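Labels run A, B, C, D, E and F following the written order; every chain starts at residue 1.
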Amino acid sequence: MRPSGRKTDQMRDCSIETGVTRHAEGSCLIRMGDTHVLCTASIDERVPPFLKNSGLGWVTAEYGMLPRATHSRMRREAKNGQSGRTQEIQRLIGRSLRAGVDRVALGERQITVDCDVIQADGGTRCAAITGGWVALKLAVNKLMKAGVVTSDPLVDPVAAISCGIYAGQEVLDLDYPEDSEAGVDGNFIMTGGKLVEVQMSAEGATFTRGQMDTLLDLAGGGIADLNRIQTQAVT
Amino acid sequence: MRPSGRKTDQMRDCSIETGVTRHAEGSCLIRMGDTHVLCTASIDERVPPFLKNSGLGWVTAEYGMLPRATHSRMRREAKNGQSGRTQEIQRLIGRSLRAGVDRVALGERQITVDCDVIQADGGTRCAAITGGWVALKLAVNKLMKAGVVTSDPLVDPVAAISCGIYAGQEVLDLDYPEDSEAGVDGNFIMTGGKLVEVQMSAEGATFTRGQMDTLLDLAGGGIADLNRIQTQAVT
Amino acid sequence: MRPSGRKTDQMRDCSIETGVTRHAEGSCLIRMGDTHVLCTASIDERVPPFLKNSGLGWVTAEYGMLPRATHSRMRREAKNGQSGRTQEIQRLIGRSLRAGVDRVALGERQITVDCDVIQADGGTRCAAITGGWVALKLAVNKLMKAGVVTSDPLVDPVAAISCGIYAGQEVLDLDYPEDSEAGVDGNFIMTGGKLVEVQMSAEGATFTRGQMDTLLDLAGGGIADLNRIQTQAVT
Amino acid sequence: MRPSGRKTDQMRDCSIETGVTRHAEGSCLIRMGDTHVLCTASIDERVPPFLKNSGLGWVTAEYGMLPRATHSRMRREAKNGQSGRTQEIQRLIGRSLRAGVDRVALGERQITVDCDVIQADGGTRCAAITGGWVALKLAVNKLMKAGVVTSDPLVDPVAAISCGIYAGQEVLDLDYPEDSEAGVDGNFIMTGGKLVEVQMSAEGATFTRGQMDTLLDLAGGGIADLNRIQTQAVT
Amino acid sequence: MRPSGRKTDQMRDCSIETGVTRHAEGSCLIRMGDTHVLCTASIDERVPPFLKNSGLGWVTAEYGMLPRATHSRMRREAKNGQSGRTQEIQRLIGRSLRAGVDRVALGERQITVDCDVIQADGGTRCAAITGGWVALKLAVNKLMKAGVVTSDPLVDPVAAISCGIYAGQEVLDLDYPEDSEAGVDGNFIMTGGKLVEVQMSAEGATFTRGQMDTLLDLAGGGIADLNRIQTQAVT
Amino acid sequence: MRPSGRKTDQMRDCSIETGVTRHAEGSCLIRMGDTHVLCTASIDERVPPFLKNSGLGWVTAEYGMLPRATHSRMRREAKNGQSGRTQEIQRLIGRSLRAGVDRVALGERQITVDCDVIQADGGTRCAAITGGWVALKLAVNKLMKAGVVTSDPLVDPVAAISCGIYAGQEVLDLDYPEDSEAGVDGNFIMTGGKLVEVQMSAEGATFTRGQMDTLLDLAGGGIADLNRIQTQAVT
């Protein structure tokens, strides 16, 4: 039995509210249960040095957490520098979003997706990817409306969901009480029905090929649902 | 004529929404026009080393801005460390809030007030102080309800407002278009009808004693209004 | 056809030379083709603060690369701080090794495994895990010989191998020329026939469930071979 | 009664010795009682990037304290980085000095004013501004003598003085014993009889409009005296 | 011919003014020609952790340079951290001073000697050692007068002088114009007629055993003179 | 009697193995007894900014130590930044190597010599210089073979050896047990029979001119032997 009473293949309620800040070219607030992440996309007409005069665009991401997004207050990263965990997460978000971008169609410009966790209850990096894609798409829509980009560089939505083994059972979309107990958990990122990233990790535990297969099945189902919510949000 | 069409002594619409995050002991989202600041108060039963066994409590503050809270994206402070400006602001917030705290009544514990700017349109430090006091008060109320604190350490609200000289005219509560043009501007913090801090500053300009008096008058009026909104929010 | 002429399921020659430094409690030099990693294990009778008086041991890892381990010289991390990539790798090594450790049997002490890449040709993090386990095992053997540890905390070897999709083909153990071309690649860590970590990642590409299955099969075969070489090295 | 026996409106003895180092374009040692600050002005023909080709000059300031300028030794900032307090002070000094500079007349060049506290007894930032202006003026005089600058960019001297409420009484120019006891104190910067900055601050206290007026009066008197000493020093 | 017209074995005029700051337990301003260094000694009754309960004292040193002590302004180290050169110099000063200290007689306390260069014209590290010893001695005298230390831990003065090969000639006490031209130069530290440190260094040049001998002779003469000036200063 | 049983003028066994990594333009592993240092030379066709268009080449060095090169594990410098000691050593290595380089003959390019200590038993900086010269020479030979450099910029080998006073006796080439006991020790660097650097240092001790002479004699003998081994290694 899951602490929340959810079924093993049941995702938390997910909502995506767009246009939440007036300055960003694209923005949304994604809520996966009690995990709330504010995502903004900022367009910059300059690309990083390694792409100058390449004709290719770039998408990058940054991730942060407000100090009291969590049960007990965490130290502010602006005072101590980004932790290894934070850097690992923002590299993952950027890589995942780029998997769904046609960088030729985007043209030589950079879009930075900022994902800031307002409230955390597990699965923040997955919510950041799912919401980050929505912010990115809204910014791209603005470029297309302005005629600056003519062919849509974002065909299929990119979404992410966590799965893990909680109390011996494979479950979809772990919340914090599950996440802190699970010996095995992972993040699955997909686009257009295909995999982009798989990160299964165990702390002091192991898992079988069979369990791996079940988790991949659960993830596939959850991501299909997320794609529907994303599509609705951007139209 | 002010860009917003406001009168010289007219504050922007101010609203304070409380209970906006589930983990913090006190929280609110303050909106001063298009300036939105999320304030949380976190109670820690330990005090800083210099107060150990003193019987005195402590209130401190930290300030941050999401990278795309502003018109153009700013670099994330977690990547570069806090700027001098950020440190100056958070020292001001902490000092201002402490002016309204009876540290004996609070008892030997620390409350950290985090003020994170979600959207900026001028006057973020003042909104942070005004909203920060509300978050602080809600956390203290929780301590009083639990019987841990028996005498209220927060009698009068602490609030802050900016004033400045825009187009030769003394005005209340500058928004970003005014702030970026004004040669003279300042922040006034008050509690219980008395002054706590006055920070008048000029970039390449000067001001007279008479102008100083007018600004102090404007500030007094604005803060009285803010105090009413604060009191409503915490009851 | 692979640049090295290897078959798709053919690992590079792997050798593990033990006892290569006189100070470390356990050490080895692992060679996976032209990738050479020096691994040392250092015993510390103190554990990190969060484990004090827990009775539990700890295994952690650090990773580095000599500046000219690579084709062109990299900046020395001691001058610039550890990159996000380095931190991500050393967190992975530590987590992977801990999956094969009985921390009660180890007792309240810490073993730090240092993995320093002397020469790089792809797959350095996998070689670090495989060699790191050997260094760790040798250090633990010393503790057991001294009677300080009585029940072996390391039952099955932990090993790692990379797999990826090169030129449309699933291949085992990518070397640098393959790694720099492959759009999809990943690292598989196993112990006792079970999975510990799976990290599939795509840069601007995607992969199917079927390809995922093939890569898992390849990895399983490679790791069984590595386990034999590890077992030989420590006896 | 003040610890020093001074009257409430009595400033400490102030002297300004010019030409104290042989390399700087302008330099002085200002003594406000036992507070001694060495000020140097360094001319750089390059301006910061944001002023390139603007025709405008720039004046900036840096502030430091020798580790044993104070009663007990402080940690050296070169080992730990500049504190928030130090950054706040040097931003204030730079802003204050710029208020008295005609940046068109100065021409496209930068002058850096370094203020290093040799011995501290309260009021170091005010002494730094008053002495900093003298060093700046001497450097500008050199530019005018050389015919590089033709119209004097520094018409009126900029000076600063602290005031505060000590033992319930408004007093001018607090020394360290007063400063460490005063609940309310502030810094007033003026030029040509007008205000440039006002920084009133209270630690756990408040003050009335009437007290504010008295402090402004005291400051005005002190600054007039300082202006006379500055003028004498530079002629 | 030397730029200053001095003979090859002629030191610059050296003066040592004591008691120059009111807070430090010992202080002096040493002038070696145009090189001026302010030295203070601060007593701390706590020793570094590695000496706790050892009964032994410690002497350490820190070195700094005001930004405009030099011909052209240098970047402030508080903004950028101490350079390798600065760290090397302060390690040398501390090591040299300790050579003349009876650490048992000093007792379990630490004295920190701060050497801050006010004006530089070559030979700053040597002046810092020579003046640093005077500040140290004055602080120790205070401890002896108070009866806290009963047997003098500083028997012979420690002094330092630079020598080098300028225009093919061995010369004593290089000033900046000589130092910036000399291919070979070095620092000699002595106490009680014996050597403590010898640091001969060549940038793109070499020197013979014979030249080494001449430089050692020159240094011996200069240091004898410095010892007389030191002794006079502390009595 | 020396702990190793060596005579006072007896160097440890020294061997230099070249071509130890496949990427570097020059490389060797130098073994001085149990001190093992891996040296690589990397050619960069760009020079530092201060040499642009000067026609002059540059040689620089970096030094590191693997965390478990020593008896007990040291903290990894990549996590904490380079210590003052490390910076001091790598500045010495670079300066020493440059003393033997004809920078006009080298031409406008930079060679970086990395010296990484794999195992430490005293004298690591001397081994780094001696081995570093061999790596540098091999890289230069490659440039000459390619016809890019036509006149050999490295005529005489640069080598280094430590000497010190152990148990009252002047000895050559201190190993760690001697080095940790010796109150006086130093490093001597020579090329072509002439001195390049002399660094005699005493921790809480002193030495006479006579002892200095004996140490210089010992060093001269040792370096002649090292030069023979270097010459053999590069031919």
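What we mean here is this: contacts are C-beta pairs under 8 Å (C-beta built on N, C-alpha and C of every residue); 3 or more make two chains touch, one makes a residue touch a chain.
According to UniProt, the chain labels map to these proteins: A, B, C, D, E, F = Ribonuclease PH.
Keep in mind that what you see is a predicted model, and the values were worked out from it rather than measured.
Colleague: Please give the intersection of the contact partners of chain A with those of chain C.
Modeller: For chain A paired with chain C, there are no chains in contact with each.
Colleague: Can you tell me the least number of steps between chain C and chain D, where a step is a move to a chain it touches?
Modeller: Shortest path length, in steps: 3.
Colleague: With a step meaning a move to a chain it touches, how many steps does the shortest path from chain B to chain E take?
Modeller: 2
Colleague: Going by C-alpha centroids, which chain is farthest from chain B? Tell me that one.
Modeller: Centroid comparison gives F as the farthest chain from chain B.
Colleague: In steps of 5 degrees, what rotation angle do you get fitting chain B onto chain D on the CA atoms?
Modeller: 180
Colleague: Indicate the whole-number Å distance between the mean C-alpha point of chain A and the mean C-alpha point of chain F.
Modeller: Between these chains, centre-to-centre, one finds 51 Å.
Colleague: Could you put a whole-Å number on the gap between the CA centroids of chain B and chain F?
Modeller: 59
Colleague: On a C-alpha centroid basis, what's the spacing between chain C and chain F, in Å?
Modeller: Going by mean C-alpha positions, chain C sits 33 Å from chain F.
Colleague: Mind pulling the residue numbers of chain D that touch at least two other chains?
Modeller: 82, in rising order.
Colleague: Take chain E as the starting point, go toward chain F, and spell out the full loop of chains.
Modeller: If we begin at chain E and move toward chain F, the chains come in the order E, F, C, A, B, D.
Colleague: Once bound in the complex, which stretches of chain C touch chain F?
Modeller: My answer: residues 21-24, 27, 34, 38, 40, 42, 44, 62, 64, 66-73, 76-79, 81-82, 86, 112, 114, 116, 118-119.
Colleague: What part of chain C is in contact with chain A in the complex they form?
Modeller: Residue list for chain C touching chain A: 82, 84-85, 87-88, 91, 95, 98-99, 101, 103, 186, 190-192, 194-209, 212, 216, 220.
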